[in-house]
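Two complexes follow with chain A in common, the first pairing it with chain B and the second with chain C.
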Partner chain A sequence: MKLDPAFIAEAFVKLLAAIPTTLEITFVSIGCGLILGIVTALARIYRVPVLRELSSAYVTFIRGTPMLTHLLIVMFGLPIAIDALSEALGISFRSVQVPMIGFAYVAFSITAGAYMSEVVRSGLLAVSRGQIEAAYAVGMTTWQALRRIVFPQAFAAALPNLSNSTIGMLHGSTLAFTASVVEINAKAQIVASTNWKFFESYIAAALIFWGLTIVIERLTALLEKRVARYDKGGVA
Partner chain B sequence: MGASVDISYVYDYFVKLLPAIWITLEIVVFSLLIGSAVGMLIALPRLYRVPVLQRLSQVYVSFFRGTPLLIQLFLIYYGLPEMLKTLHIDVSRTPVLVFVIAAYALHSGAFISEAIRAAVGSVDRGQVEAGYAIGMTGYQAFRRIVLPQAVAVAMPVFGNLIIANLKDTSLAFSLGIMELTGKAQTLPTISQRFFESYLALALLYFMLSFVLQRLLYRLERRLLRHETADGESASTARSRRARRKDASGRLNLTEEGALR
Partner chain C sequence: MIDLKQIRKSFGRHEVLKGIDLTVEKGEVVAILGPSGSGKTTLLRCINYLERPGSGQIRIGDCEVECGQPSKKDIHRLRGRSAMVFQQYHLFRHKTALQNVMEGLVIVRKTPKEEARRISAELLEKVGLGAKLDAYPSQLSGGQQQRVGIARALALNPDVILFDEPTSALDPELVGEVLAVIRKIAREGITMIIVTHEMAFAQDVASRIVFMDDGAVVEEGTAAEFFRSPREERTRQFLKRMTPEGVYNI
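Then we have the complex of A and B:
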């Protein structure tokens, strides 16, 4: 068996069709994760009594276990919960009706939420206390101070980590094949086994992921230049 | 499948999973040892700016950090035998575990090389110059002055890599290795209690990474002893360095460990 360069190109074209699914999983989990992350980060920063302990436990547990176990637990645990709930409420809805990609969305959002919580927290803590005090001094309300002063600076500080987490979730989306979702990795397996050319189709998959990663890195670099404008020092 | 959850199974599976810890740890230890050597090898051309090799190691790091580990596992599993066949080396009888460790080693090598680069870069140039000034050779200055300081700075990043590596071993099952995740997926085939099994699995991973984190934290404290001597706390010293790095305007990609 020899390496067949022509087939790499062929597989590459076939895999392009799976890019939207991969990106969907990535951005849904990053989006929901960001919301979850902001809530848990704020609960920890403002030391909200019970929520704070819950958030810490959530972040520690999720960061201490592999992403695959989150997916497996959601895939096998959520149906039990849904069926028990709808039986108790007398609804005819059953877990079989939930599409498999839904479980991937839920599981990866939970994963992303814990990592996002740390990203958001470190971003917010990077803004010095004097900034918010100065905002109060000129008469802003807490919300105004957060929105106009803290968040823009925190976003700039958190951007590199945010980009890393996005790349991490992009790479993590390959696990969705466990939930029989056909994203790039699953598509590569299908293309590989139907043509019996494993090496070539995984090369194509690797190239696509490499490209996507570089695009995310480039976009972040551009965005970073834009949001870090205030931080250049000097007089002009 | 019964709708209820039976907690007694969680305990039962937890105990049954325990022996599989060794395979998981075997992958972690060997891949990190080999990965450290690979990382050093990859970092050196960039640290000393060796013309062509510098470019090559840049591409290596970019590739292994820019593609998912799962894809790398398959690439090496299917690709390495092919490539070695052209060199007339037959590896068809080599156990799968070797390929898995090779994949993890190459993967973590890329991350370790970045950690080494950042750490060496964070040691003040004046330190090396002071070493030369009192008559040390290049190697002596590196080993006695730069290395101890660089190791201390790299420790937190390296610790994250170790834990990330532990969590990544859960992917080895896709090539049929019976480590923790593989065991947890096959144990409940008779009872069909998959949820309980995965719960036990998650608990076990959590305990492993928790213990590991504690140990690494202690080690880190110990290595940073010299930092606290001159009145500056270790954390401020590190954040000062981090800030200096940020000022260059480049993305500092090594800060956050890989998540998967």
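Then we have the complex of A and C:
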């Protein structure tokens, strides 16, 4: 068997069409995951009764199980729940009307949320107690202090981890293939299925993932540069 | 103006404040002195509820709070009456000097941005940092950061400014510039409560000295009375330790 470089290029061009799907899955899961992460991290840091225990259980269970398992459980479990609920409420909506990518959104958001919870927590812990005390001392409410003073600094501190998780979710989005969602990896398989040049096709997919990762790395570097304006941390 | 009644505070089983009474009149500059661990910083932090007193009453102006179970609203109102200057400055690290001073005006007092900018620039000018408006805290020396901290407190135009050991974290050669600024604003008749270890400064700037030891007020009086003729034995011991002779007399 011989490598066919021309087909790598051909597959590459065909795979470009799947980039939006991959990015949608990545950013929906990172976005929803971040919100989940902020809520659960705050619940744990501020020791909110009940919510705190729920958050801890959520984080340990989700981080303790594979992302693929989350997708499978959501894929098979959610339809049952939706249909039961629709029936109980007398609505004609049924789970078959939910597009498959919807299950990927839900499952991966749950996955990302658990990792984000730790990312957010590390960021919040990096902000010194004195910052929020100073905010209180000028008369801010807790919410104002968090929004104006704590979150921006926590975001800066969490940036490297945040970038890491985003890249992780980008690559993890390939699992959506299991739910018949045609993202980059699935597309690579489809493209090669006519001539069996899977090797070339997957190389093209790898190059696209690498390119997308570089974009995320560059964006992170740009943001870090802005942060470094006020904070020259580190040992170098 | 400020009235503290029977303030009590415990950390676990350790009682840090054993029923403190303190009254401060408008325009007074009160220095709180005492050995470390005597509860002076805790008392100061109780006044704006950064520390929650177990029991007692705090009144600043017409804002009165019954400690114990105050509502969030009460705490918020009380904090609006005072401003604090911290030992470790605690400037907002992601904001420039100007933004640090503006923040409270814009977010809490809802002052229009342009006006807040003007007031803040004037205040920074006043503390000698007119050329550093756009510097971030990490680009400023300790003394400069603390002067921004003072401008931030002044901007709120509070009933009282609380100073928590404002020079303790500074290099010796930077202490003078900060004390000079505090002295300057003290002369303008702003009510201040200062926790400090700078004896000479307290003697010079304070209209009244409160000496605390072991969670209680041991002695209070005018600076002249306090330093020249302390009444209590514990005060005399403390002053002896704090004066240079005490250091060299090994």
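Please note the rule applied: the second predicted complex is superposed on the first by the 232 of 236 C-alpha atoms of A that agree within 3 Å, B and C clash if a C-alpha of one lies under 4 Å from a C-alpha of the other, contacts with A are read in each partner's own complex, and residues count from 1 in each chain.
Operating definition for what follows: a contact is a pair of C-beta atoms (placed from the backbone, for glycine too) under 8 Å apart; a residue touches a chain by one contact, two chains touch by 3 or more.
Keep in mind that this is a model prediction, so the values were computed, not measured.
Undergrad: For A:230, decide between first (touching chain B), second (touching chain C), both and neither.
TA: After superposing on A, A:230 lies in contact with chain C but is clear of chain B.
Undergrad: Tell me which partner A:130 touches in the superposition: chain B (first), chain C (second), both or neither.
TA: A:130 sits against chain C, while chain B stays out of touch.
Undergrad: Which holds for A:153: it touches chain B only (first), chain C only (second), both, or neither?
TA: Only chain C; A:153 stays clear of chain B.
Undergrad: After superposing on the shared chain, does chain C or chain B touch more chain A residues?
TA: So, of the two partners, B touches more residues of chain A.
Undergrad: State whether A:144 touches chain B only (first), chain C only (second), both chains, or neither.
TA: Touch status of A:144: second partner only.
Undergrad: Is A:217 touching the first partner chain B, the second partner chain C, both, or neither of them?
TA: Touch partner of A:217: chain B, not chain C.
Undergrad: Have a look at where A:18 lands relative to chain B and chain C in the superposition and call it first, second, both or neither.
TA: In the superposition, A:18 contacts neither chain B nor chain C.
Undergrad: Over in the complex, which chain C residues touch chain A? Could you list them?
TA: Residues 48-50, 76, 79-80, 82-84, 86, 88, 90-95, 103-104, 107-109, 136-138, 152, 156.
Undergrad: Given the complex with chain B, which residues does chain A contribute to the contact?
TA: 1, 3, 60-61, 63-70, 72-73, 76-77, 80, 83-84, 87, 111, 115, 119, 160-161, 163-165, 167-175, 185, 188, 198-199, 202-203, 205-206, 209-210, 213-214, 217, 220-221, 224-225, 228
Undergrad: Which stretch or stretches of chain A touch chain C in the complex?
TA: Contact set of chain A toward chain C: 128, 130-131, 133-141, 144, 148-149, 152-153, 156, 229-232.
Undergrad: Give every residue of chain B touching chain A within the complex, in rising order.
TA: Result: residues 1, 3-5, 62-63, 65-72, 74-75, 78-79, 82, 163, 167-171, 181, 184-185, 194-195, 198-199, 201-202, 205-206, 209-210, 213, 249, 251-253, 255-256, 258-260 of chain B touch chain A.
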